[in-house]
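To start, the structure under review is shown below, and the notes come after it.
Chain lettering (A, B, C, D, E and F) follows the sequence in which the chains are written, and residue indices restart at 1 in each chain.
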Amino acid sequence: MLIHLSSWPEIDAQIASGRPLSKTVVVPIGSNEQHGPTGLLGTDWLCPEIIAHEAERSDAALMVAPTFNIGMAQHHLAFAGTISLRPSTFMAAITDWVSSLSRHGFERIYFLNGHGGNVATIEATFSEIYAEWSFVEDEPPFVLKLKNWWDLPGVQGLCNSIFPTGHGMHATPSEIAVTQAAYPDRIKTADYSPQIAPSGPIRDALDYRARFPDGRIGSDPAQANPEKGRRIIDLAVPALLSDVAAFAAEARPGDAS
Amino acid sequence: MLIHLSSWPEIDAQIASGRPLSKTVVVPIGSNEQHGPTGLLGTDWLCPEIIAHEAERSDAALMVAPTFNIGMAQHHLAFAGTISLRPSTFMAAITDWVSSLSRHGFERIYFLNGHGGNVATIEATFSEIYAEWSFVEDEPPFVLKLKNWWDLPGVQGLCNSIFPTGHGMHATPSEIAVTQAAYPDRIKTADYSPQIAPSGPIRDALDYRARFPDGRIGSDPAQANPEKGRRIIDLAVPALLSDVAAFAAEARPGDAS
Amino acid sequence: MLIHLSSWPEIDAQIASGRPLSKTVVVPIGSNEQHGPTGLLGTDWLCPEIIAHEAERSDAALMVAPTFNIGMAQHHLAFAGTISLRPSTFMAAITDWVSSLSRHGFERIYFLNGHGGNVATIEATFSEIYAEWSFVEDEPPFVLKLKNWWDLPGVQGLCNSIFPTGHGMHATPSEIAVTQAAYPDRIKTADYSPQIAPSGPIRDALDYRARFPDGRIGSDPAQANPEKGRRIIDLAVPALLSDVAAFAAEARPGDAS
Amino acid sequence: MLIHLSSWPEIDAQIASGRPLSKTVVVPIGSNEQHGPTGLLGTDWLCPEIIAHEAERSDAALMVAPTFNIGMAQHHLAFAGTISLRPSTFMAAITDWVSSLSRHGFERIYFLNGHGGNVATIEATFSEIYAEWSFVEDEPPFVLKLKNWWDLPGVQGLCNSIFPTGHGMHATPSEIAVTQAAYPDRIKTADYSPQIAPSGPIRDALDYRARFPDGRIGSDPAQANPEKGRRIIDLAVPALLSDVAAFAAEARPGDAS
Amino acid sequence: MLIHLSSWPEIDAQIASGRPLSKTVVVPIGSNEQHGPTGLLGTDWLCPEIIAHEAERSDAALMVAPTFNIGMAQHHLAFAGTISLRPSTFMAAITDWVSSLSRHGFERIYFLNGHGGNVATIEATFSEIYAEWSFVEDEPPFVLKLKNWWDLPGVQGLCNSIFPTGHGMHATPSEIAVTQAAYPDRIKTADYSPQIAPSGPIRDALDYRARFPDGRIGSDPAQANPEKGRRIIDLAVPALLSDVAAFAAEARPGDAS
Amino acid sequence: MLIHLSSWPEIDAQIASGRPLSKTVVVPIGSNEQHGPTGLLGTDWLCPEIIAHEAERSDAALMVAPTFNIGMAQHHLAFAGTISLRPSTFMAAITDWVSSLSRHGFERIYFLNGHGGNVATIEATFSEIYAEWSFVEDEPPFVLKLKNWWDLPGVQGLCNSIFPTGHGMHATPSEIAVTQAAYPDRIKTADYSPQIAPSGPIRDALDYRARFPDGRIGSDPAQANPEKGRRIIDLAVPALLSDVAAFAAEARPGDAS
């Protein structure tokens, strides 16, 4: 079920149903940030949304929250169209999402992430949330999990096999291919120079733009095409479903085995 | 242009183009919250998104940011699927959106809002943002505007004429009709009892649920249908375009006339 | 009872008395900000204080807190004497007032407001306060209410009838007349040019000063005099008493009727 | 000049006048908190207000801001009528007052304090404010000063001579006498038991109430009367005027002598 | 026991032991800031650490936390090597230390402070922590105490007798002597000019450096030597042990006598 | 130079010296948290301190700040002696350290970290700090770097070769060996059961304690001894010196090559 296209009684009934996935929810989370000369600004939130929505279509019991579309992208701010939250804002917002979803009885909240730059802040947020319970010797009524879509079983391996060179770290052909498969009428082209972008450390926005003039890091997005994106999606969707199912079924420590 | 489906060079070129709308951006903003027995949880962010995206289709010069889909909905939290930010979180997030968009050269930021419960916090945020400049005798490089989609010229009048009774304040037939027009395969039905929901003050979530047991306030959503929604959209779209154009063209005080 | 001129045993006894108003408290709240060439900087906190204190004199059972004299006035900061809280500070302070008053057993807290610019932030604060309870499925031990003094039954109508033109939005003859009635030795005069001030949107402080050079918006304060102020006060005082009484007596949802 | 009973052009003219006190402002600051069986809840903000307003009557060049009437009184919260800000809120509010007053050209801000429990937080706030400048090697455009009214030259000595025993630390006969002189129709009486209240450390509210059952610490307020209060005021007023004058005239380090 | 050189089972056993000091912990707290031409930057955190660690060596039942080595030193930031927290950060950090220590069963937390500039913020923090309990009519499970090492019984008197002139307020010969006794290989010398440093108010960092060009306030550190430091330590150590013992044994109000 | 054992003129002279390391500072940073039945609570801050201090002894030009000894350890709070900052507090504190060190002219700040649980929050903090500059198109005057001591070139490899099994993730024999080498009189022993601790996810404190009853994760600390620790230190020290030197010498993008 896509929460935003459901009514509250539908969600309520599903949570109360006692079915295996009934108390687990997937939150696609990403970022709206430059993805090189041809990548869509929405790439990082579109990818997890594409995968999660397609998974929901194949198993309607999968509960999918609206997409958390703005993340931590301060280093991309020298490129037009990037929207970033400060980490502290991002933390507050994730906290409120968790409070809201937990309020309804969701006990397992699974963030399907599409942006590497989000990872540190999401993990820090989990600690911030758990700390509230840890300081007072109490147990939170929910478990949180972060999974990057490219870390779903098999996905990184497939991407590497499709793009043995020029995969890189930002504006990768994998993610661009995924968006091309879903938005074929939005495919853009450019002459890349150099063909494979440079690499280096990530710091503030001006430093980033000086190091990576067209926004890419280490990647050659020219290799992307919709068919490759489709292959990635087709692998990621069942991988997500089984990863979520395992998470939903995971025993808590102390539960009788 | 939809920012999330564009590349950064496309956005950059548009901002630099000097065209009338080049430095103005529309942010659809709403809430994910219960909308009665049949309304979609996403209603309040879908409505401004529907109108803004359709406006962009009729005038590609209109710049539309990704949809800000979670707002202030604490009073709806007793109904499953609602996700709310605390006002303080909401304020921080809007502030970061404004900082990001302003960073790229947008001088006019237009929030097209779909949730009445957002209004106070958005206005407070504008004051929080402006205060930073007001305390130090400096001028912000941007102007902010909030407009509810039903306050676009003519829209409220049309809604009232279509639904002379039972329009109400929450889960209104207008907003539900708009989503029905856009998502006809997601139309849900229910027996409403009473046909027109009660009215009353809005406070915390338990108080809300006690007063408004199925979530509606004063409304009879059974009157909604896709055709009525289409009529509303067809009026709202040109109204938005001309309201944004007027905002973009507005003189600053002190400008020569 | 004026809390600040009472001892704690007096307040304690009143709260414990079981009388109709015993668990309700009125907080006059306003702003210290420019009010045009002749208005007192304190106008917006003096008006609710004047009305609430006079109401207390006519019914000693009315509990009145000290006046919350600084509000959200960032847009007036280009005029000397204005003191403003940022909305975030204002929210924190109101929250602490509510926590304090609730701690003593007040179950109904009624903010009698004198500044339109406070409304959004006060409402956002109510939501921030309620959210803490809404996220955890608990019921707050208090109910909050905001009422502008000019929205007390009958008052706006009287003001319009006394000042059919040139009432305007800021430094109105109504509010200035109320302060003249209470502080007749502080009446100031000036030549107004134009007689009726311009109108327009409210943004940051420099924008405000450029649009409204002497601080007024749409008003002609020259029409104010103490007698008119007295008429307004004489209507507002009983209106306040009956509005507070109704609030104190209001049933909670779920209470047996 | 009392700012709240002046118009902005009057304040503006005074700041621009170049007179000795023109860029200095006095802020009476206190707390609304229990003061034993007979003391007014407003005692701690009334005392500095009484002294500052009387000083302004004797020298109209003295600029006096509205009274900052709620301070840090968490330890008194077990007694009805006490209103407290958290220290963090108090800090934010003082910061905004300073930003506002500095915006208008006040270069010296003098807090005349009436509550010992405020001292730590006010001093911490000064450091918080200064830190913003200290981190960036810049000089603030203002100087801040905190003075308790009983620390004005000669005042503590006079209080000790009038009340050689039973002065104590909270609900002292000095402060109660000052309010009696100003509000003679609000004098309350009680049998004190013990005549001189106990002493001890100050911690949280329940601990406080257990140690100091009627709210007093070490004091015998029965000794207060309006005449004694008048003597204290008569000494404090000129002491304030000369202390403020010295502060206004103080050379900055590096100024030529 | 030094917590950082113990294992968790050792700490756990001690807390559970029921011995007189078992639920009390000493936190050495100071600042890393300039101490004139010859003083160590660490002086203010080294002094309480030296005294607390030596006390622990003479009574292993004394529980000593790691040293809180960075405090509030904004006024020293114009001198290299100074590290300061903003008061608001300092408050958050102390709060987390208290939450952590309380979580383990420590009921009495004793801050042995080495920096006068920390006092206001530490006291404000105690109020911030207590306020959380005071607002809700609950009792915190811990008691907090702040003691400057020079305020331990007898210490200030000894310092004054050793250094009858030129003790001053910052970079005092006492504190420098204490560090010389503990770090004799780090003794530095300089020609002081003037021999006794000037005095004056403390404000922001640039003001401080202009008033106190070499960093000292009112002191002549040339009088320090390791032997004098040893005498101070030898007095402070038993004074600390007995002060902590008294704190640990102190009855709560309401306990049967 | 150890900053805390230096005077400010010494630090000032070094920063101004123009030597290769003069504007670079190393901050040992860790955590005070349980390390299994035998590990010291201070392990995670002692290890980077041990390595950094020994590096400073071999090259006095290395500037070393005081040790940041409390980090993010919420998951360890169910074990006595653990002290944790919330991530938000940790972020504020790191920010203030950076502001302070940058104020003195340090342009490169190198955090030598001893706790894996700190990584996410430190990285989020770097983004928070950089964001302030990225939003306004400005360049920060400093570069930040995080390095875990076990990630220094060669160290992880050495640890794996010394402890081919039972190295694990928490309370590893490597880190315990390092502390044993430095604090040989604080070596503790225990019977470990199981010999190699279990592994699993890290969540809140109660969950952690249920999964990892004695605190270890995947490790067998019985293999540690001081000689092994010495070998690790002897490799880490020159690795640190050369890593810092490379960082200090790194060209900025845009610098002429």
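What we mean here is this: a residue touches a chain if its C-beta (ideal position, glycine included) is under 8 Å from a C-beta of that chain, and two chains touch if they have at least 3 such contacts.
Because the structure is predicted, anything quoted here is derived from the model rather than measured.
**Q** Supply the minimal count of touching-chain steps required to go from chain B to chain E.
**A** 2
**Q** So which one's got more C-beta contacts, A-F or B-F?
**A** Between A-F and B-F, the larger count of C-beta pairs in contact belongs to A-F.
**Q** I'd like to verify one number: the distance from the centre of chain E to the centre of chain F, where each centre is the average of its C-alpha atoms, in whole angstrom.
**A** From the centre of chain E to the centre of chain F is 25 Å.
**Q** Between chain D and chain E, what is the gap in Å from one C-alpha centre to the other?
**A** 30
**Q** Return the distance between the CA-based centres of chain C and chain E, expressed in whole Å.
**A** Their C-alpha centroids are separated by 47 Å.
**Q** Any chance you could list the residues of chain A touching two or more other chains?
**A** Touching at least two other chains: 77, 84, 86, 88, 100, 103, 134-135, 137.
**Q** Chain pairs in touch?
**A** A-B, A-C, A-E, A-F, B-C, B-D, B-F, C-D, C-E, D-E, D-F, E-F
**Q** Inside the complex, what are the residues of chain E that reach chain C?
**A** Chain E residues touching chain C: 134-137.
**Q** Across the complex, what residues on chain F touch chain D?
**A** These residues of chain F touch chain D: 99-100, 103.
**Q** Which residues of chain C touch chain D in the complex?
**A** The contact residues of chain C facing chain D are 3-12, 15, 32, 34-42, 45-46, 65-70, 77, 79-86, 88-89, 92-93, 95-97, 100-101, 103-105, 183, 186, 188, 190, 215.
**Q** Mind pulling up the chain B residues that touch chain C in the complex?
**A** Answer in residue numbers: 72, 74-75, 77-78, 84, 86-88, 91, 117, 119-121, 123-128, 130-131, 133-135, 137-140, 143-144, 200, 203-207, 210-211, 252-254.
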